[in-house]
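One structure is given here, and the rest of the page talks about it.
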Amino acid sequence: MKYVDEFRDGEKARALAEQIRKEADPARRYHLMEFCGGHTHAIFRYGIPGLLPENVRLIHGPGCPVCVLPIGRLDMAIALARRPEVILCTYGDMLRVPGSGRESLMKVRAEGTDVRMLYSPADALKIAQQNPDKEVVFFAIGFETTTPPTALVIDQAAKLGLKNFSVFCNHVLTPAAMHAILNTPEADSGALELDGFIGPAHVSTVIGSAPYEPFPQQYKRPVVIAGFEPLDVLQAILMLIRQLNDGRCEVENEFIRAVSREGNLKAQAAVSRVLELRASFEWRGLGAIPESALQIRSEYAEFDAEKRFGVEQLHGRENKACECPSILRGVKNPRDCVLFGDPCTPDNPLGSCMVSSEGACAAYYSYGRFSEGRIPAEELRA
Amino acid sequence: MKYVDEFRDGEKARALAEQIRKEADPARRYHLMEFCGGHTHAIFRYGIPGLLPENVRLIHGPGCPVCVLPIGRLDMAIALARRPEVILCTYGDMLRVPGSGRESLMKVRAEGTDVRMLYSPADALKIAQQNPDKEVVFFAIGFETTTPPTALVIDQAAKLGLKNFSVFCNHVLTPAAMHAILNTPEADSGALELDGFIGPAHVSTVIGSAPYEPFPQQYKRPVVIAGFEPLDVLQAILMLIRQLNDGRCEVENEFIRAVSREGNLKAQAAVSRVLELRASFEWRGLGAIPESALQIRSEYAEFDAEKRFGVEQLHGRENKACECPSILRGVKNPRDCVLFGDPCTPDNPLGSCMVSSEGACAAYYSYGRFSEGRIPAEELRA
Amino acid sequence: MCLAIPVRIEALIDAERALADIGGVRKEINIALVDDLSVGDYVILHVGYALNKLDPEEAARTLALFEELGQLQEAYDEAQAGEGGA
Amino acid sequence: MCLAIPVRIEALIDAERALADIGGVRKEINIALVDDLSVGDYVILHVGYALNKLDPEEAARTLALFEELGQLQEAYDEAQAGEGGA
Amino acid sequence: MSRLNIAKGRVEMVHGSGGRAMAELIEQLFAQAFDNEWLAQGNDQAQFTLPPGRVVMATDSHVVSPLFFPGGDIGALSVHGTINDVAMSGAKPCYLSAGFILEEGFPLADLKRIVDSMAAASKEAGVPIVTGDTKVVERGKGDGVFISTTGIGVVPEGLQLSGDQAKPGDAILLSGSIGDHGVTILSLRESLGFEADIRSDSQALHSLVAAMVECVPEIRCMRDPTRGGLANTLNEMAQQSGVGMQLMESRIPVREPVRAACEFLGLDPLYVANEGKLIAICPQERAEELLAAMRAHPQGQDAAIIGNVVEDSYHFVQMETVFGGSRMVDWLNGEQLPRIC
Amino acid sequence: MSRLNIAKGRVEMVHGSGGRAMAELIEQLFAQAFDNEWLAQGNDQAQFTLPPGRVVMATDSHVVSPLFFPGGDIGALSVHGTINDVAMSGAKPCYLSAGFILEEGFPLADLKRIVDSMAAASKEAGVPIVTGDTKVVERGKGDGVFISTTGIGVVPEGLQLSGDQAKPGDAILLSGSIGDHGVTILSLRESLGFEADIRSDSQALHSLVAAMVECVPEIRCMRDPTRGGLANTLNEMAQQSGVGMQLMESRIPVREPVRAACEFLGLDPLYVANEGKLIAICPQERAEELLAAMRAHPQGQDAAIIGNVVEDSYHFVQMETVFGGSRMVDWLNGEQLPRIC
């Protein structure tokens, strides 16, 4: 697989890891946050923490759209699914997320509501066409990567004159969340140990690198945009260490093969034609953040499920012991949660970070559980 | 079971059979037609032919509504069932009747159309109420026994204001068919050997005995109305033999426990409120008979499936070798048909008489196949 | 198609419905087609509807007829047996 | 959620659709968000939509960077080995 | 492992995934109920030794609707049905396997009720369920629960029962009243809306069989008249053995409410399914002895000799009616009752 | 008997009635295809003798969707899947039973294709289908065809394989590439709309097993990594044996299109189902010999030693990634692919 396999080369990884070990100053610690769940997943799947020196610590950011969606929004989706006329379509990641009272879309599906998994939002249009006597609602979530396809689909529904299709829009914005992380009480008090960001890969192909430029300026945190392949991540770590060692504070781009400064203008235009900023949106762990999400423009109001069904705003009950909020703010680690592993597991998730394989808790559980007890990789060789 | 078991007493049956043997004049033959399929079924199920002397022959009449329905009407029902909006409901007897090209409602159901079996026409109303987005069509067939419930159901649908219910009406009239049998070319030519009728049981509870009075007068054929229990049948045979021996020719009533001269006036009124005579109706084997069937009155036109769906009149293709027409006219016996038993069987019926267990062919096949080779009952005792 | 059986009225529910029994099998039936029903009456039940009342006296008459024949038969059998035994 | 992979454009179907391939897996994709595509181009595919073109030259530059590190490493290893062996 | 919420939970697709959720379902529901050393091994197969003798294998898939009925449920039925098929060869049933096909959304509480009932039936019969499998299908692609069971048994020395062994002159015995199971199922069909004091006769017959073969090892063949009822099963045996049969209607026990329900539905009890009755054919001279052995067993108290095997090149089953007439008793034509076992 | 119209006919409720139509279906479709002396007896059970030794019994219900796929169909799969479960004990599979649950309306032509494929698979494997059962459920209460198969086999003298026998130090072997079956099924899901030159690996593995146990009778355990894939199956075995496992990702063969499809769907090939592969655990000192024996067999050409059993009180499966890092390989969480076997 071109552009994949080259970026997973074990030899080069060892060279990069060695270089990191060489360049990392043993006298200091490097706290680097990978914002994206995609990075979190790659880091664990390829065993990157084991390749890093003790003083280079990765912090898992809020860049998993499943993890940051507040329970109330999921409860609203469940309420939509329960309407007898509604077929609710969404990405597979959402199906097992626990809402209030440990309900999930998968569970209400088992009760008999019509909930369908999508691989592409275009399929929701097909389902709407095939079920003219049903209301097809696309439960849309995601960062800027996933937003342009949603916008196209709404636009196409308008062109097709579909009368039974709408979107429950939960698209959120990466830079707004990064700002919020740097404005929490913990950040202000200095409890947030965060020296730099590994910036989003696919989000950045759409929005470009420019939107990250305020972070070095405003918060003195360097950003290195990185691809999702493991060599990309290692390279970005090295680049961040170098900036920190050099006292530089810039936006750098490791993912130059796909990210430009301005991003994909055509995709941005498609989004702004259909969607507009929401005044404020609630994030799990980060609270309400102004202008951090998108809503459907009034020109497309008939495709807005919230308006179409007069969906009541819900504010779900979070599990009080769940540390997702602190984990998403970067101030706690999954193992700090008393529920981690027992009873909270991927098959019985009590918080959203345990659901998506991009969630920090799920990644810790599935790929690195009890890492202190883990047998070192060296012993593997027979 | 009161009023059932007493009329199946083996001892009394043997006494009656003996009496018949005593009274039947060995010098003559008695050709007695049981008009009703219900009688045909009882005769075979209880082994009555084996109890009768050689010269008392039973002829199986056209009194099975399944058997006399022309293929075209079944094809129309199949066409209705195939409409995607239609749920077609009917009595179980109709499901396996072969239409043109050996299709049946059971087969089109296997293809995915919604065909349901009813035990009571009232259930069709329930189905209509439970499926407001579907058109529920009740495929109604039957003689005067079955007609009053249909009439009540249409009336109730009107009272409930049901907008998705209609009836495909195929109700036919017994006396008209009896007239027709006595007016066939075979009857005129004398090829029809028929000395008297065992008259309908349950039909007569509704219409009474008066409608049979023309038969003795017009055609010189006695009629004895009989219940469907085996002792009723034997008793009626004895009563017919006595009339014939005495040279009498009357309507007699063996089923006095349920049949009066005028019948059930309330049921008759219910029927005439909703239904009216059809100018003409096609019967299998008997051809078109004027005023031999009922249709829905124009006041209830919205419940008439033929009008509601503009059903095209179909005239199905009969299997040319099938002798059902002649059997239904009483001039042939199932064993005269070259298809009987191979390939025509109840599981693979080629004609309607092989479908209903009240059909002459099915009764011969299932209860008395190859009766000449049958081992006499006497040998049964070990 | 004309399958119908005699059932006993166990209870009247309303003008249109009654509870009926045959041999220990109970079922709600429609009685709209038959007037003046009382508990204990027998009706002929067809596709869920009572078609007509059964007249117990006429039933008894019919059965008596069979009985008579049975007695005739017995007498005849005895006569035959007597002859044979002679 | 941001799962996306580089795929090669095998054929352009119309202004909105193309046939793409990755490692022998072929799929029709939506290309409405990306201008000026040609057969042989690589795009990043996400939920059925091409998000952006991959720049082969920039990719080569990135890989060269790794290569360099690799060579550095080799030299380092050799040096270490030389030292150790001494 | 997390605890299944059996009281309120439902079967989800994940329970058939092969992963942890499936392991939990198997451990907390199936293994706990069936509880035996073979299942405890946790392998994909069970291993055991069998006593010497011919081995017998039988299988049935159970799709009854409704799943629960007076006298039983699909769980007990799936144990009885397959034990009986094994036992009809004269074998002692030894082990069972069970495959479950669950529909997404099926309440775990109902599943537990079914599994517990299977476990009880298996324990009562002394035939453990030693291996199994669980699949989950999407809602609308199944019907609650289907259970396929397979049984293994061993035929004691000297027995050679088979449906092709009936000989003219043999006696035909029936272990009790017919039609109870089928009519019970029908009585629950909402569309029929009738009520009756009827229970399914579902039961495992191997101890009756053991008593019978011990008394009369010359029994030619046995079969349980399930789908298609007494009539169809006798036709099968007549066909297999190339013989005819003659029955006496008056000797065939039918309970009053079964007879009434059949009247009322236009059914012939001869064709209605049973789940705890057997037909045995044996040499005429041993018939009374066999009858006595059957009557001495609680499951054969109402046993009767219902007819004889006769020579008949047509392989017809015939019957002298209670009425004194004679009729054929044909194969079941069309369907009598759907989904009864 | 009338002829079934196989070309144009469909399954009707009557085919499950127990009556003549069912007998016709069984005779003209099943008995004809499976054609063996046991089925020909026409009894509700099969009788046979088994060679001496421990008896093994395994069962699987098959609910794959779609029913036909490159490299196989539900019929062949149902034979292979159960033969493999029997064979994983080291046993020689001897006999199979099959229970069919058919949905009303299913085309008889498709049913015949499936049954013929089962018959071919059974003949090729030399394991006859000796008894069976057929049920029909109403349209919308099933999904075309479900097939439950049960297999019986006998373990040769001296073998004692079980999932609880793995010991620290043992080697873990895999018979070939992983993920082919699961990805093939996925490639047919209309909603995914991808195409790839992939075939299911569905095959019966008993001859490979025979070669393996002959060469290394000390094999501790074997298992076929079906639902849940390699990862889940290894976790099961680790749990059963109370050990840990360490794998080398680079040694695990995954074909290119399988890897690509997994990338593309966000799946991990370690969790994708296989239907013709096996995992074997054997003492380290016999591992190379066993590997050679596997590679000498056509079904084991790509066999590899993929890791070792280690002591680990957590019973974790871990892996050195191709990348040189280390990760856990957990039980399958949630569902990977529904309805694959």
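By written order: A, B, C, D, E and F. Residues from 1 in each chain.
Simple rule for what comes next: a contact is a pair of C-beta atoms (placed from the backbone, for glycine too) under 8 Å apart; a residue touches a chain by one contact, two chains touch by 3 or more.
Everything quoted here is computed from the prediction, not taken from an experiment.
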- Item | Co-neighbours of chain E and chain B - touch as defined | C, F
- Task: Hop across touching chains from chain B and tell me the fewest hops that reach chain D.
- Result: 2
- Item | Pair of chains ranked first by number of touching C-beta pairs | E-F
- Message: Could you classify the chain E-chain F contact as same or different, where same means more than half of all interface residue numbers appear on both copies?
- Response: same
- Query: Given that chain C is a copy of chain D, what angle of rotation, in degrees and a multiple of 5, matches their CA positions?
  - Reply: 180
- Note on the structure: Chain centres from averaged Cα atoms put chain A and chain F apart, in whole Å, by 37
- Can you check how far apart chain D and chain E are, centre to centre, with Cα atoms defining each centre and the answer in Å? 63
- Would you mind pulling out the distance in Å between where the CA atoms of chain E average out and where those of chain F do? 29
- Query: Residues of chain B that touch two or more other chains: which are they?
  - Reply: 1, 4, 14, 96, 118-119, 345, 347
- Query: So which stretches of chain C touch two or more other chains?
  - Reply: 3, 5, 22-23
- Note on the structure: Flagged in chain F as touching 2+ other chains are 13-14, 19-21, 256, 259-260, 263, 266, 333-334
- Message: If we use the touch criterion from the header, which chain pairs count as touching?
- Response: A-D, A-E, A-F, B-C, B-E, B-F, C-E, D-F, E-F
- Listed in rising order, chain A residues that touch chain D in their complex are 1-4, 6-7, 9, 11-12, 14-16, 18-19, 36-38, 63-66, 91, 93, 118-122, 141-143, 145-146, 148-149, 152, 200-203, 205-206, 228, 231-232, 235, 254, 256-259, 264, 266-267, 270, 356, 358
- Residues of chain F touching chain A in their complex? 171, 191-192, 244, 246-248, 250, 256, 259-260, 263, 265-266, 268, 284, 305, 307-308, 310, 312, 314, 316, 318-328, 330, 333-334
- Message: Touching residues of chain C toward chain B in the complex: what are they?
- Response: 1-6, 8, 22-23, 30, 32-35, 42, 44, 46-49, 51-56, 58-59, 61-63, 65-67, 69-70, 72-74, 76
- Message: Which stretch or stretches of chain E touch chain C in the complex?
- Response: 187, 193-197, 256-257, 259-261, 263-264, 266
- Counting only contacts in the complex, chain B reaches chain F at residues 96, 106-107, 109-112, 343, 345, 347-348
